[in-house]
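Please find the structures below.
What follows is a pair of complexes built around chain A, which joins chain B in one and chain C in the other.
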Partner chain A sequence: MERLKAARRLIHYSSSKFLLGPRSNPTSAEHPLRLSSSGVCYWCPYIADKKGRFGGTLWDPTAGTGLGKTIRIQNRLFGSLAATIQRNPSFSTLNSDDISYFKGVLGEKNVIQDEDWLLSANTDWMRKYNGSSKLLLQPRRTEEVSRVLKYCNSRSLAVVPQGGNTGLVGGSVPVFDEVIINMASMKNVVSFDKVSGILVCEAGCILENLISFLDNQGFVMPLDLGAKGSCQIGGNVSTNAGGLRLVRYGSLHGNVLGIEVVLANGDVLDMLGTLRKDNTGYDLKHLFIGSEGSLGIITKVSILTPPKLSSVNLAFLACKDYSSCQKLLLEAKRRLGEVLSAFEFLDNQSLDLVLNHLEGVRNPLPPSMHNFYALIETTGSDESYDKEKLEAFLLRSMEGGLISDGVLAQDINQASSFWRIREGVAEALMKAGAVYKYDLSLPVEKMYNLVEEMRIRLGDSSKVIGYGHLGDGNLHLNISTPQYDDMILAQIEPFVYEWTSKHRGSISAEHGLGLMKANKIFYSKSRESVQLMASIKKLMDPNGILNPYKVLPHSLSYS
Partner chain B sequence: MERLKAARRLIHYSSSKFLLGPRSNPTSAEHPLRLSSSGVCYWCPYIADKKGRFGGTLWDPTAGTGLGKTIRIQNRLFGSLAATIQRNPSFSTLNSDDISYFKGVLGEKNVIQDEDWLLSANTDWMRKYNGSSKLLLQPRRTEEVSRVLKYCNSRSLAVVPQGGNTGLVGGSVPVFDEVIINMASMKNVVSFDKVSGILVCEAGCILENLISFLDNQGFVMPLDLGAKGSCQIGGNVSTNAGGLRLVRYGSLHGNVLGIEVVLANGDVLDMLGTLRKDNTGYDLKHLFIGSEGSLGIITKVSILTPPKLSSVNLAFLACKDYSSCQKLLLEAKRRLGEVLSAFEFLDNQSLDLVLNHLEGVRNPLPPSMHNFYALIETTGSDESYDKEKLEAFLLRSMEGGLISDGVLAQDINQASSFWRIREGVAEALMKAGAVYKYDLSLPVEKMYNLVEEMRIRLGDSSKVIGYGHLGDGNLHLNISTPQYDDMILAQIEPFVYEWTSKHRGSISAEHGLGLMKANKIFYSKSRESVQLMASIKKLMDPNGILNPYKVLPHSLSYS
Partner chain C sequence: MKIMVAVKRVVDYAVKIRVKPDKTGLETHNVKMSMNPFCEIALEEALRIKESGLALEVVAVSMGPAQCVDTLRTGLAMGADRGIHVEATGALYPLSVAKLLKALVEVENPGLLILGKQAIDDDCNQTGQMVAGLLGWPQGTFASKVVLDKENQVATVDREVDGGLETLSLDLPAVITTDLRLNQPRYATLPNIMKAKSKVIKKLTPQELKVEIRSDLEVVQVTEPPKRKAGVIVSSVDELIDKLKNEAHVI
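Right, the complex of A and B next:
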């Protein structure tokens, strides 16, 4: 009876032939202050000037329901980590000759010593990490980056490469007094080939600007992120950013065709190929993709972009159990195959949290006992056909018992409201109180076991929720508590890392290691692998000046 | 009038609703002797025994029209290269203690000293390269590979990792007396996850066996090659093999999720992740993908496989000029987007050659003045829709003048006959006389200029033809002459490499460098990049025992 009712609803919702244009990210409308300059928060209500400095009216993190608690937790976590790090004594400290040299190379106005500006560049957007750099440099050309690094290397001056400063693991801000090399001035598109879809651009291009540029050319970036209004393509590549389109287009290791990179000693490696196939020697660019600026500074990127497809459809579905979600994913891959562009999931507890803490969000399905929800998005080239195909798939899945209920978005507003639920979970968590956040990759079939085990482990003391990119095997495990509690943390860690390690998962699916998890790498990588990484780091950056204290465990990366 | 006629033909051919199953490679039927054991030719009429040895009746390379000339050219080219290489004097020579040690580790029967067996393993399938190894080892487990390499490293015994020995650049056979480590005994599937489509298997698995295994599970390998009956997945990954599905599924850098690899010193690097996302440190597996066994021996592979889609369609089309081919590719990417699975092209001269030299091949289009031909294949999940979509695209392209004529295959036999034309070009070239072969990656818009410039350069002395994977920017430039001629070679080289270099192309799109092009790497890679490759090689294999004389220029890799 229930299934029949659901099937009717699906049919009812899908009777209109209205099709969506490309999905607009709902966070865009809600966060009009997302800025394109460097170092500026794109989610939160900061007031920033044109240079991206936020010396004006600042967001008060202790205002609002529960937000202060979250910030406090984060500071506390960082505090304990910071206590274990010592400034590498082999690094020099900045002097007036250095400043003069940089002014000679870059011009006076690109050598920034302004305190307000430096305050923002020393701080990550979560305000979790704070460095004390006294200098920010803004090179405009590869040759300038090269001269700067050559000089810094000769002087043993440590540097932090910085893009949009939107990272979540403290990778893009100084730990001590490192010189910040900000790439925002290198923001030109170098070339675009409309036959091959290959874009070549400078590292400082804002992702959203590239998306717009390509949209005008009839192409899309194979990468889309919540942070697109601020993040830069050089940072995206350096951190191997994942995002919303990975399930369709794969990772940047597959899409980036070439890079230009400046090594610690100032040597420029021109690997800026624009070829889909090139088997001439070791493919060194992959070393830099995801190395978080610790092996070189990426100055240009060549990337393969797919043609824009006109038809986008979105369904919000309910499943009775996690096993049904898995089966639905398998069926979606097989039957929607070439048009499937997103497969996201959230559990009942995630939805409850969103409905309780975010205003204006409603459950598109009538309240019921569904345990899981899935969002399935398709992107294709044929409007009427693609929708029919999705509808047929959904009806079949409903008849097969994989779906308990579901709705198909009829217009872009409905699609935005569905995405708002999935993308609103993080915000709802912030409003609900203190939160312990984990971004994990796990084998899909085991992924939700961790959520269930954590629930048993923590009992009534906390609310454990699971959601994320099911299509990519990426779980966002979050533990929400009224307030920070050492006892609870001790029950979560290291259990969560050990569990992930035991199931051959990754303790960082898409955020990188940065400063936050540099010492936790062994949970996901073998001792031999990490040792080889450290040897490669030593080979390529013998003085260790590039983004020190990050990525690799401190015991190996400096002493 | 001509266009109208063509349009009618297209409609006529496409009126039937018969759809193709997955395309079977026509070379499979024509070459029943493709064997799954190591070191055996899969195209040519060798007679081999079960072990893959070809000590029996051998193919006579001097028999048949023109074949002998080709072999002679190849031997001649190699001869001049071999003269420049000296055996690295720091390598030891094999003694009886070594043999005893290996027998203790691997068991007597896996330590091969049989002369016939060694003759085949010392020779590449083109019979272009011949080593003089006295020992072939067949480890069955990673631990055995590890113990063997640790020992070889301590004794400075050089080794050649060998998979199916189907490479085209002399990368998989010894140059001198290197110990051959053949991976054929490591041929087990370790696991397959039907939800995620992730396959984990040992390196010695024959590609075709994996394709069959996955087919039974409802999945496909993202890789397909002419050599699939012999080549092994470890070799595919080590050489970053390209093949027929690259335009759809991308390169192995995107599809390989993890590897297990044994380093020169015997250390086992377990990077056998089965995760789509893992941002914990440097992604070292990419160093081994395409490094042709010179940094380590891959023992296991984890690979993401897409679900099998049921509907395959193929069109054989004519274009009046190269510009139309390019525009057609752009339109195909945009309008067929998610179902496009191959876009191949050949010029008029290529087709002529096939029609003149291969029996039973006919032009599916009436003889006319078309200058170029394209094959477009789609693979999707909906039989009736996919064909309609392709038909609509072809009619539109014909109306727009991009296509001059065309036919849609109505059954698997017709599809095979279309593929036979494209895949028969190499065979026709062999039959036509001497041939100079170049496998180049070039920007699509400039690709055919090289063919035209080469024609002007060589005049009537030679037949210059161009064909290849247009969708991947991969040109197979071939120069056919009645017989080998030093004067002609001097007009081709180094011009072809310089031209490719000038246009930022790659002198090896998918075949690798191996021994053949190790010294030509600078045409495609900068001095700084090659220097870094050499430093990484030195770091990871300080004694240089892994596949010596290959990949890197001899001036850098040993002295």
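Right, the complex of A and C next:
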């Protein structure tokens, strides 16, 4: 089975200070995985070729396809969270009758019990969370999803809807032995209207494949993220993914016109409208967008795609301090106005990390390292007009002292290499060791203060880096340490959440709550609103089988 | 010493190219155009030679329609001192370009003419060799390393050839065409972009250079290569031999 090869990981033991030793049990902490030389892989069952990077196997974003040398990686259950959750006793355990039933509905091939495959499906991208599911299902049609869920509901079998498994808060992998319902087989484009740009596709379509498809038609997806090679649109919608172009195209709540979703009891809700305006009744799709699979499994999405504009310009800039970055953002919004399509920032330490851990990446502004870097992208329809506008803006900002240096990409390859730097920070962090990742929405003026305070708080024990979607007021705060350490964690949490709450920010701007922040919602939402959320969950999923232990606080979900 | 670098405006390397429905050529309308990657490398090499003190001036030249000026501007933003645009509409094949370059060389008298080894739109790999022939200059093509000896007026060029690397010693003035591994071109920095605005781009026509653009070549048709068919798994050696003999006709 080529899919098996795609997810092939050999488990072997070796000595290293990170590991427990030869007798360690594979379901516990460490399992050294044989990965690509970059240490990070995206599992791509779909073969696509844009630059020959995919091969239907483990995709190594830095070194092409194929597996390289063994990397020993630290893989401990994150913090002490999982240790404190108990498996909900009201959930049943799988038995052979269940397996036979699923085989009857889906066919033998799509009922997976293979250990290697399950191992990768049970582990999240950050390798922080490990489930122990014994079963992975791959439905091919909405009807199959419906029958599976109906059965699981009647048997009280907990399930985890899974897409590309690129989530960063442990929301896409089982906590215990929940059945994994993987959407990868539902990867067809249902229809595309060339006039309106409305795309209807199944939930398992990989984002990058949709981008390629639309490219041929002269359109683009309204969202773009570093994980595009693996993430699926169903997952993007379920988590209300943000990404790099939110500042231009807005959030998925605005771009998704309709969804088809299967509820916990197997009922199929066809809300797959393709209408731009439809004010008839409560707009239920918004409940599902961002619900992280806890209210239903999205099977199809209808999304409005903007036309592809030909003129794209990208500038990589250096600023001497954070307040310059801020002022640059304000100026950009004013002067570049309608052509601004992305505004990202990263600090010195982020660039340093990327240059040290990723291959084929070079500093666009050698030889010195500046304090802050900004990436400004414009997208418009007139090449010379946009370029002139951008150049004028940049030169003016330079004269005004907002930018200390910068480069303008002269062709698409140069632009890709600049984006590689920004999109590669998460990957570089994974290679650098253990990472504590926080995704916060904060007022732009205050954003970097948090990074500096964390730096002082943690001292030399760890590297604190800040980068993110400055245009949206979204900070990705990351703390890189050689290994996971509860003492360091205690210094970070709850300080980070309290600080964010104090400034009325969001403790999860775009990553969602998943397992990691399931009990943290009160830092950003009031008791009353969370109570209502719990009521809705109870109404729609009375047995609580959909993605349990996640999103809402455990104290509310168990009743 | 002056260095002249020829740069070409081509469809951007990363763009998915399409053939025009009438099969006369590639779709270039509304498609991103950039400097040919090998020309970028050529310009980068010229700039490095200048920065090492072995040359005084780098002149970028480009031939073609009015939009070539954009490509020259990129060259100036990278650091070239001035640009020359030979305005010519219609198709320009390598021999015509070579003749124009010869005429420009006779005007400018550079010590070194550097070009990319080939353009990514036509993959001809002819212009450098032709212009060297017309000028009677030595040529070092597919250069992966260039070392200049100003005193002896000699350039030592490592060439990437099928068998490996070949090292040639060329008396200047010479023609060099650049290969991928020669260097990594620099980005256009904002200060350089600012400076480039005041640099001069001179416009010339083939008539002024007394070159007649005519070609004995005519493009009859441009088509896409046949789509790759899926592979077939054979069940036995006999079947393999049968397929190789009767379907692929290779044995």
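What to note about this one:
The criterion applied here is as follows: the second predicted complex is superposed on the first by the 416 of 559 C-alpha atoms of A that agree within 3 Å, B and C clash if a C-alpha of one lies under 4 Å from a C-alpha of the other, contacts with A are read in each partner's own complex, and residues count from 1 in each chain.
In this section, a contact is a pair of C-beta atoms (placed from the backbone, for glycine too) under 8 Å apart; a residue touches a chain by one contact, two chains touch by 3 or more.
Predicted model only: the values in this text are computed from it and were never measured.
Residue contacts after overlaying the shared chain place A:136 against neither chain B nor chain C. In the overlay built on the shared chain, the residue A:374 is in contact with neither chain B nor chain C. By the document's definition of touching, of the two partners only chain C reaches A:365; chain B does not. Number of chain A residues touched is higher for B, counting chain B against chain C.
By the touch criterion defined above, A:346 lies against neither chain B nor chain C after alignment on the C-alpha atoms of chain A.
Residue contacts after overlaying the shared chain place A:225 against neither chain B nor chain C.
When both complexes are overlaid on chain A, the residue A:394 reaches chain C alone and has no touch with chain B. Legend: residue contacts after superposition of the two complexes on their common chain; A:290 is shown touching chain B, with no touch to chain C. Once the two complexes are laid over each other on the shared chain, residue contacts for A:414 go to chain C alone; chain B is not touched. On chain A, the surface touched by chain B in one complex and the surface touched by chain C in the other have no residue in common.
Interface residues of chain A, counted against chain C in their complex, comprise 51, 215-216, 310, 312, 315-317, 362, 364-365, 383-384, 391, 394-395, 398, 403, 405-414, 416. Of all residues in chain C, those touching chain A in their complex are 12-16, 30-32, 34-35, 37, 70, 74, 77-78, 184, 187-191, 193-194. Interface residues of chain B facing chain A in the complex, by the touch rule stated above, are 193-197, 218, 239-240, 242, 246, 250-251, 253-255, 263, 267-271, 273-284, 286-287, 289-291, 295, 306-309, 326-327, 329-330, 333-339, 379-382, 385, 389, 441-445, 469, 472-474, 504-513, 517, 521, 523-526, 528-530, 532-533, 535-536, 539-540, 551-552.
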